[in-house]
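Letters A, B, C and D name the chains as they come in the text, with residue numbers starting at 1 for each one.
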Amino acid sequence: MSFVPARTGVWLMGARGSVATTAVTGALALRAGLAGTDGCVTELPALARPWLPPIPSLVFGGHDIADTPLPKKAEALGAAGVLPAHLASALTAELSEVDAAVLPLPPSVDGIARDLVAFREAHGLDRVVVINVASTEPVPSDDLLNADAETLPPSSRAAWAAFLAGCAYVDFTPSTGARLPALDALAREHGVPYAGNDGKTGETLVKSVLAPMFAARNLRVRSWSGLNLLGGGDGARLADPAANAAKTASKQRVLADTLGYQPQGTTRIDYVETLGDFKAAWDLISFSGFLGTTMRMEFTWHGCDSALAAPLILDLARLTAAAHAAGRSGPLPELAFFFKDPIGTAPAALADQWSLLTSFVEDLSGSFPGAGEV
Amino acid sequence: MSFVPARTGVWLMGARGSVATTAVTGALALRAGLAGTDGCVTELPALARPWLPPIPSLVFGGHDIADTPLPKKAEALGAAGVLPAHLASALTAELSEVDAAVLPLPPSVDGIARDLVAFREAHGLDRVVVINVASTEPVPSDDLLNADAETLPPSSRAAWAAFLAGCAYVDFTPSTGARLPALDALAREHGVPYAGNDGKTGETLVKSVLAPMFAARNLRVRSWSGLNLLGGGDGARLADPAANAAKTASKQRVLADTLGYQPQGTTRIDYVETLGDFKAAWDLISFSGFLGTTMRMEFTWHGCDSALAAPLILDLARLTAAAHAAGRSGPLPELAFFFKDPIGTAPAALADQWSLLTSFVEDLSGSFPGAGEV
Amino acid sequence: MSFVPARTGVWLMGARGSVATTAVTGALALRAGLAGTDGCVTELPALARPWLPPIPSLVFGGHDIADTPLPKKAEALGAAGVLPAHLASALTAELSEVDAAVLPLPPSVDGIARDLVAFREAHGLDRVVVINVASTEPVPSDDLLNADAETLPPSSRAAWAAFLAGCAYVDFTPSTGARLPALDALAREHGVPYAGNDGKTGETLVKSVLAPMFAARNLRVRSWSGLNLLGGGDGARLADPAANAAKTASKQRVLADTLGYQPQGTTRIDYVETLGDFKAAWDLISFSGFLGTTMRMEFTWHGCDSALAAPLILDLARLTAAAHAAGRSGPLPELAFFFKDPIGTAPAALADQWSLLTSFVEDLSGSFPGAGEV
Amino acid sequence: MSFVPARTGVWLMGARGSVATTAVTGALALRAGLAGTDGCVTELPALARPWLPPIPSLVFGGHDIADTPLPKKAEALGAAGVLPAHLASALTAELSEVDAAVLPLPPSVDGIARDLVAFREAHGLDRVVVINVASTEPVPSDDLLNADAETLPPSSRAAWAAFLAGCAYVDFTPSTGARLPALDALAREHGVPYAGNDGKTGETLVKSVLAPMFAARNLRVRSWSGLNLLGGGDGARLADPAANAAKTASKQRVLADTLGYQPQGTTRIDYVETLGDFKAAWDLISFSGFLGTTMRMEFTWHGCDSALAAPLILDLARLTAAAHAAGRSGPLPELAFFFKDPIGTAPAALADQWSLLTSFVEDLSGSFPGAGEV
């Protein structure tokens, strides 16, 4: 009896945004044989497994308040250099089909949950992973611990609905999402796992290898300052100081976690509309070594956030669905590799997160005895 | 019965150079309570052990063809900002004492070995580690496999003498050193360990964490180009294309080893006298991710090579002496963490090298049962 | 009859700060033959003139609320690498002598003016130039147009006192200083010139040559963003958003003035205490050329503000004193070369400011007919 | 009587290369109203004149040994991001028409000259400017002073043919071109002007404003080192050390010319195929100021050489044609603004070159009395 991977759905909150559109276009391009798997972590030999739902088999749907349809959005991303321009035109029909499964956001948690169940049933899916790739929310000013479902921020309402509907939930943004005791309890009650927060795609990724390097060499980091310049929708949102605060705090956390102390300096985010989907970040690190000699390192990162995030969305869908299938519920700290601000207790150094991830995949293998090795 | 760490000598080939002078001054400053242990890896909680010879207890000697005495060299390094200027004047007497144990390089391997034995006996040392911090040698043009002791390059003659004298040998330069079958056999025959080559203090250190980061994210590195600008004695030596070739090859190796392929681009070294002991390196990495989107990272490293190398010299002396005491002979690939071009089979990613190093220290602990935990 | 340059005094508001201490130490070092004239613009062949008061002949005094004496401050700057450490010790006596002429700031404008007159008389000076190198003031929130002498900010009160005492005034800070109609009138009434504001020593200096380069090539600057990291007293002061606002506005002005439009992006200032007197600035410029192709330039500036500012203080003292001697009163826009935010109508491109400065010096020559060419 | 600008032809040596294709596509796009004039210096108010041949009126032809037709080459440049992709498809017919005027390179100087005359007559042109945008030639090893027409390098044979045919000649490459006494004499004899060499489009452009900045501030440049990474055809050619030598020498010349001394350091060029038409250059400048304090500046330039060069080709065609019409013959040092290694005696600072250029245009105006102001 050969192993058949489960049919898996991916429900994107913010399904017509840049990250979601890039992820969907990429999955469709893979299915059509028009693209390779660069950037997909679960395609690396160390992680690829026959029991992971294949990328071409993923079924997409989602909510969005925007109404630019996916084919048009993909075309715009092609013109901006985020995607190869020919992909958008080659995949118009497939993108339209997915776009038909993108619904306006219902006003109630129950409404969201109903959409999720309907999606699962319509497509005969074994399970669905809800992934939040909507804009970053402002840091909530009110006490959320006693909030009810309808007064929570949208990311938490999405998590609530996901759990009610028996779906796993992943938050790729720094928003609150599932990080509330009541939601944790709800996830466990419904036997579904969740993961997050805030996808690690650029400057913080680099920090998560450089800071451990300084620590392993016993070099004292005196200051670590950074400036992130970004256009695009997320950039505009982050020009709002409240949202900005959430993001910059999560960007400096890795330093204290890996160095054991917080060096001087802050990380700033500025919106520069003309940069579009491409982000530029500069970091200056001053450090001292033996006998106090002061030295310095700088780096600049010129990345395309959507192109960096999209394959991780596919990775997270595959891994979270498999964890769900294997019976895991509650937080998945083993996915810390993907996040700036991992839920649960997890190491902050990328190499340690990688070890944790490979062990996690190894452990999950035991739950899929029918599946041979790749 | 309390554990007494063995009396350990450190014999420096190139004892009056910048790296050696900084290492000696630092050890003397530690002994005098004038400095801390920043930059010393073996002082990190993960590696510190009571059976490692304490830095203040190390006894120094060495060979050099230069005749500027250590106090004068330390003063020059103070003026250049490599050391705090006050240390050189505070430690004049102690530096002079060490300088008295710096001898001219004997013309024969036997002569070198005799100096090592005499040093060990004069100071009542349990063992001596010979560390090569002399200038980088040109890549040897002749076949060295059949050379005899006297026709080998100086670094290999030093290793030969060390082994004859029952001393461990560490090569902190990219020179040939102990990397010849005949020398490996000699080390095993005399029951002494050896380690090397080419201390990893700057650009390559950074590469050894960034390249694994790109690999772990399945990002394709298209090109990796670098320029190293350095003054100082090593810089002048490396202006010689033959020596340069040795160094740049060892600087790109980490890429193929961690990525699994060799990206386009080379690393260049230029001599810029006015930069003195401070080195500037720039690296440009172009990479592509999901759907082929091209992105870019750059970094600049402004480091002081002597300040970065000196504490590692002390670390290597301590670890190699302990390995010798524990009965290890032949190559020590577990010290790959310290080197650009590690001897033996060892991982190339810094995090893996760190794991290997901590396991090594853990394993050695079993050889020193009398020593409690720190 | 040979020409005798006039005896000139330099009165420093903030005389015990880093910039003032560096300027005074440098002038004393020049007098003692211990230093050269690097960084002094008026020593370039294009500007050197026999009628400029020689740097060694300048007589210093000043006001400060700080009480760390100049020799001690110079010693600290030596330890920090701003000055050669040996200069502070070689010039202790001379620095103490200047320090004796540094007085506490009197509470009234009249008191300040009295100190200026007393200084001029005590030293038999032909004229005195008052230079403000005190900390940057917050942008004044109130309407200053109708303020009286005692309710003005300190920089304006210093200008008021200078004019009353018949002294020229230079503002090297972004503070209000002499930039008020009433003060302009007062300067003209007393026949004294004034200049300012905000010495151009780093990032803005670079902007003042790069922005004209883009303009001359008809390249469209899409965005220009910058981050300035600085420690030291001025850095702490600029962490105050109000002072910061004054500084960053004056830093972006050069772009609109030379490009003819304001590109996207802002300049930020962050305080990083550990950087001390050394400042690091990063600028990212995105621009588009023929057919809209987007390109990018970045630069990093690692400068020592005190070392860059100090020689300009001496230049400004010499040039302003000579203008005063030549009968000039009111603003000196010809000194725009030195300032981020020049008073009066002046070009913003450094090359144009240089032409204006050389013409100014040429014109002044006519006022000193007894003085031969250098 | 209204002024009618002369009909002007532009003959491109290397007409199917990236620079030529971009220049032609851009001129055709301007004619079709599909593009603006960004990057065209002669469209700036300071230089625009009614007597300059309008860009849309220029008639193109050329020689090339490559046989990829212009429409195909433009399409490739569109895919590479050098041009907007839609331009290549919108202008296929126009590009094909120009491509029909691109001929194989005749083996003799006379043959080249015959093609030039035929082009001028076929299109009824008043005059033709020959512009060399072919690949950089190796530095000639032989003495060229006594060479005859047929043994000269291709760039010099092109100049020879241009002069014989009564055409002006511009060399946009570092090749020898018209820089031989015999060719200078020939140009004067035939009454035609010539200009060059080596278009200044990136790192050297930046140097030509930064070096004067350091000079004007009397800051001592201790070292200036650079690395240029480039793909594309020119990159491959420059991997040849002989061609490289020509280019790097012309890149450092601006430093000695503007600073008055040659700082330490060199400029290197490396070929990195994957970078394509986009070039990355890094420069590190170490400098010292007042009292010897050492400071540092770095910059990175990420430019598209073809997009930077193409509009300058159009500028040079217009200006050289106008100079020819005005009766100028021999070298045009007034065009130094455009070149790394200007022919004749010309200033090296960009601002001075700009002044010279605006004066040149002002002077030429006198030769076209019928033409009103723009």
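The criterion applied here is as follows: a residue touches a chain if its C-beta (ideal position, glycine included) is under 8 Å from a C-beta of that chain, and two chains touch if they have at least 3 such contacts.
By chain, UniProt protein names: A, B, C, D = Myo-inositol-1-phosphate synthase.
Computed from a prediction, not measured in an experiment: that's the story for all the values here.
J.: Could you tell me which chains are in contact with chain A and with chain D alike?
T.: Both chain A and chain D are touched by B, C, going by the contact rule given at the top.
J.: I need the common contact partners of chain C and chain D, sorted by label.
T.: A, B
J.: Which chain pair is joined by more contacting C-beta pairs, A-B or B-C?
T.: Result: the pair with more contacts is A-B.
J.: How many angstrom lie between the centres of chain B and chain D, each centre taken as the mean Cα position?
T.: 50
J.: Using mean CA coordinates as chain centres, what's the gap between chain B and chain C in Å?
T.: Inter-chain centre distance comes to 48 Å.
J.: Rounded to a whole Å, what is the gap between the Cα centroids of chain A and chain B?
T.: 41
J.: Please list all residues of chain B that touch 2 or more other chains.
T.: In chain B, 81, 296, 298, 300, 302 touch at least two other chains.
J.: In their complex, what parts of chain A are in touch with chain C?
T.: By the definition above, chain A touches chain C via 222-223, 225, 227, 229, 264-266, 268, 270, 272-275, 280, 282, 284, 286, 296, 298, 300, 302.
J.: Mind listing the chain B positions that touch chain C in their complex?
T.: Residues in contact with chain C: 81, 85, 300.
J.: Which bits of chain B are touching chain A when the two form their complex?
T.: Result: residues 22, 25-26, 29, 35, 37-41, 43-44, 81-84, 87, 205-206, 208-210, 212-213, 216-220, 288-293, 295-304, 307-308, 310-311, 337, 349-352, 354 of chain B touch chain A.
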